[in-house]
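I have placed the structure first, in the form of structure tokens, so that the comments after it can refer back to it.
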Amino acid sequence: MNLLVSRDVQPENSVVRVGDVAFGDGGFVVMAGPCSVENEEQLMACAEVIADCGGQLLRGGAFKPRTSPYEFQGLGEPGLKLLELARERYGLGIVTEVVTEGDVDLVANYADLMQVGARNMQNFALLKALGRCGKPVLLKRGPSATLKEWLMAAEYILASGNPDVVLCERGIRSFDSHTRNVCDITAVPAMKEMTHLPVILDPSHATGRRSLVAPLARAAVAVGADGLLVECHPNPDQALSDGPQSLDLIQFRELMMTLPCRILKA
Amino acid sequence: MNLLVSRDVQPENSVVRVGDVAFGDGGFVVMAGPCSVENEEQLMACAEVIADCGGQLLRGGAFKPRTSPYEFQGLGEPGLKLLELARERYGLGIVTEVVTEGDVDLVANYADLMQVGARNMQNFALLKALGRCGKPVLLKRGPSATLKEWLMAAEYILASGNPDVVLCERGIRSFDSHTRNVCDITAVPAMKEMTHLPVILDPSHATGRRSLVAPLARAAVAVGADGLLVECHPNPDQALSDGPQSLDLIQFRELMMTLPCRILKA
Amino acid sequence: MNLLVSRDVQPENSVVRVGDVAFGDGGFVVMAGPCSVENEEQLMACAEVIADCGGQLLRGGAFKPRTSPYEFQGLGEPGLKLLELARERYGLGIVTEVVTEGDVDLVANYADLMQVGARNMQNFALLKALGRCGKPVLLKRGPSATLKEWLMAAEYILASGNPDVVLCERGIRSFDSHTRNVCDITAVPAMKEMTHLPVILDPSHATGRRSLVAPLARAAVAVGADGLLVECHPNPDQALSDGPQSLDLIQFRELMMTLPCRILKA
Amino acid sequence: MNLLVSRDVQPENSVVRVGDVAFGDGGFVVMAGPCSVENEEQLMACAEVIADCGGQLLRGGAFKPRTSPYEFQGLGEPGLKLLELARERYGLGIVTEVVTEGDVDLVANYADLMQVGARNMQNFALLKALGRCGKPVLLKRGPSATLKEWLMAAEYILASGNPDVVLCERGIRSFDSHTRNVCDITAVPAMKEMTHLPVILDPSHATGRRSLVAPLARAAVAVGADGLLVECHPNPDQALSDGPQSLDLIQFRELMMTLPCRILKA
């Protein structure tokens, strides 16, 4: 495979830098925060705990792709401004999703890491625009994308001029509704054999259930992932989206204390 | 389900009109043409046969979403102009894909029926833009979309002001690579129980193999589909995309002669 | 593929005879009956209508493989005796399932066509025993079996000495719970390209919903299936198994009158 | 769920003893060996290394369920005798598969732990016979079985009188052929929430590729599995079955040294 993303072309790991945070240098990056930015109190409560526990980036959605047009669609730019405020207060870089080509410039004004959601993995117009946006990109795997299709989606971004792509496994669609998705944990080492790009895991979407997030987070470390994207919320039962899979802030703190990587990093 | 798309809200079938062609009135509409518009000769050869056999709409892609950035991406606007020329010459309305919100106005200048590809079924920015475009929309099912998610994608278009949506089953992703996708033929009657919108079948993508297109086309009639979207090409072995699933023009003519609906319409 | 089941080895269709009923000769065989044999009244009520409508074989389970050990497991040999009685009264050959190698001789004493259920498609000890049982075999596709695996399962029977195998598509497992399974209707023509064995459809298990059985039955005719296995019951709401997918006897009669093949056979 | 397998009925973990090896007591059991017992040299070479590295049980198939009737079907009873010989020489208990009800007594004469393969997870006659066999059972998950169906299969064994069941996740069938199966690692903690039975992982079948076995084995520890079933072979390239997923003996030794549990157990 003679692709820009391929290890045949670049045998050594790419290191993707987001401010002073590095993906792919052997460390383990924790990104956390609420599914949706809802209001200042909610976001700052998350950011304070994340910063305090050693989380490195704050995630939060201002533009939310939702299955139904009648579900909460995100705060839009006011949500981005709240993320900016959290960065100023707590020193955490910002990861947030961009859902359409037309919003790339707007989101790039606020985000440190531009997230492409699973549903948009093959939104090629968006991928090309992100190739020219000047910010690193977090590319989630589509729910029924093969590894090869996922690599090709990353290739769109690299071929458009942006080498800074982090890949994120977030579960694939399968026949058992016991969990929201099936976490294809094997995709992490399998992708790292094929590509030099960093690969992380989102155990929240991959399982859809709070009680399963911590074991999967530990598995991410075990298989050599470069980091974690995890949802937390001060009051998950009242979250406007993804409550059942969000850790509360005490659970998030516990997770951070039990991740084996924390020991290694000390 | 209190949705605009729901039969509970509107028990009688919606009839979606594309020029003088109607979907949902009990007839069976055949749309055919090449996967990609490649050049004038190719397109006119298709259009001539389609018009002659009783096909009602001409399909052809000018903007092609492709897995790899290095595959043929379509001719763009010059492709749209060729489609316009075919319409003038052969009197066939035009179905063509729009892949991003930013192209909606451009494509709507040429197309009679705006196609949303499977990968974009949950590109909500695109769906909302199509809700305001003033043209009917052909909404393909995503390769791992549930029926409910597909209905909700249609709901985005209706909720944005456009009631004219035709749904298209085109196969779902499964474990067996014998066929390109698994044709979920049951989705046709199952969707028609839930929604008043017309539902058609794309047997070309659903099977990925030329020899299976005609049996599936006949099955579409058998289960009560409102029409067919089928790929044909003057020389499938040299097609720039989807050759293995394209009928040649003789095979297309044979298909048209053996579709049971032809008899009923006579 | 140099297999006994392959069209490369035998280009012409195999005709499998079950009494005076033939599969694979261009006709269309309807097998119907209840999921489980429950009692004499239930079975005879079905048999009478099936015989009257032109159904050719009576199906009914005496040994039922059930997900839970606490569900009704079938009547066992007394169920087989009721099937025998129905054959005497109504002249219908009997199709019934055998679930383990140890029961092959017992079931072969009563059945005209030995059914292998989907869960047992790769029960190789059972397949080998059926290869030596002296009766034709109806081999259902496993819920996650590829076409090649299904062919290989049939090959076990042929390689053990029994050439009389009828293949039955009954739906595969997929991500959408809207229907019980996804009916892989394409498997019918795809298998008939590869093998000379007859292929039929079970629209009851393939959809799991009564209202979808008739459209799928018509699709089976459209794609060239050699027959149908369909569940019916005098009172589906009180069936001990598979009620939601069973037609009542009036619905079964309607189905028989609208199957296009009936006209052709008249 | 008022089932024998349920945590609601028995909140504390079951401990399943195989000789002096215990599953479910908080330790981590490694079972290893070749896919198929091929000959004495092969088996003893494996057993020697496994015993030397701290592996606790020796796996090896004497009865092999194979997709094609023309593939190697196992040595049968002579294979069982070789396993017995290895137990005598190296003190390792024996795990081996039984594929049909009729072989249960024979296999129980040799095995310490009776394996049910994935294809037989719903071979209910076999499960019932194992419920009466007097030996503990290793029950693999079927390739398209839901967690609930898997629990119900275990319930068959318990309900037939045998409480000693160990569950084994071995990958499920999905759309991406990059790996042989998709390892549903989340099934381990998800099952342990629902049942008191021990749950282990088979990373060899779950991935189908040698290079991915060690990361997945470490993930098994991370998610709280009770052990591992792993394939190794003195010369994987010449294995009669499953070569691509078998570790060679040096790789197996490396795996054992890097499993985090080894440290904890010291």
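We just call them A, B, C and D in the order they show up, numbering each chain from 1.
As a convention for this text, contacts are C-beta pairs under 8 Å (C-beta built on N, C-alpha and C of every residue); 3 or more make two chains touch, one makes a residue touch a chain.
None of the values given here were measured: they were computed from a predicted structure.
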Chains contacting each of chain A and chain B, listed by label: C, D
Distance-maximising chain from chain D - centres being C-alpha averages: B
Pair with more cross-chain C-beta pairs in contact, given B-C and A-C: B-C
Chain C onto chain D, rotation angle from CA fit, given as a multiple of 5 degrees: 180
Chain B and chain C, separation of their C-alpha mean positions in angstrom: 35
Approximate Å spacing (C-alpha centroids) for the pair chain A, chain C: 48
Residues of chain A engaged with two or more neighbouring chains: 144, 148, 173-175, 177
Chain A to chain C touching residues, read off their complex: 173-175, 177
Chain C contact footprint on chain D (complex, rising order): 65-70, 99-103, 119-120, 122-126, 143-144, 148-149, 152, 155-156, 159-160, 173
Contacting residues of chain D [partner chain A, same complex]: 144, 146-148, 172, 174-179, 182-186, 188-190, 193, 206-207, 209, 211-212, 215-216, 218-219, 221-224, 260
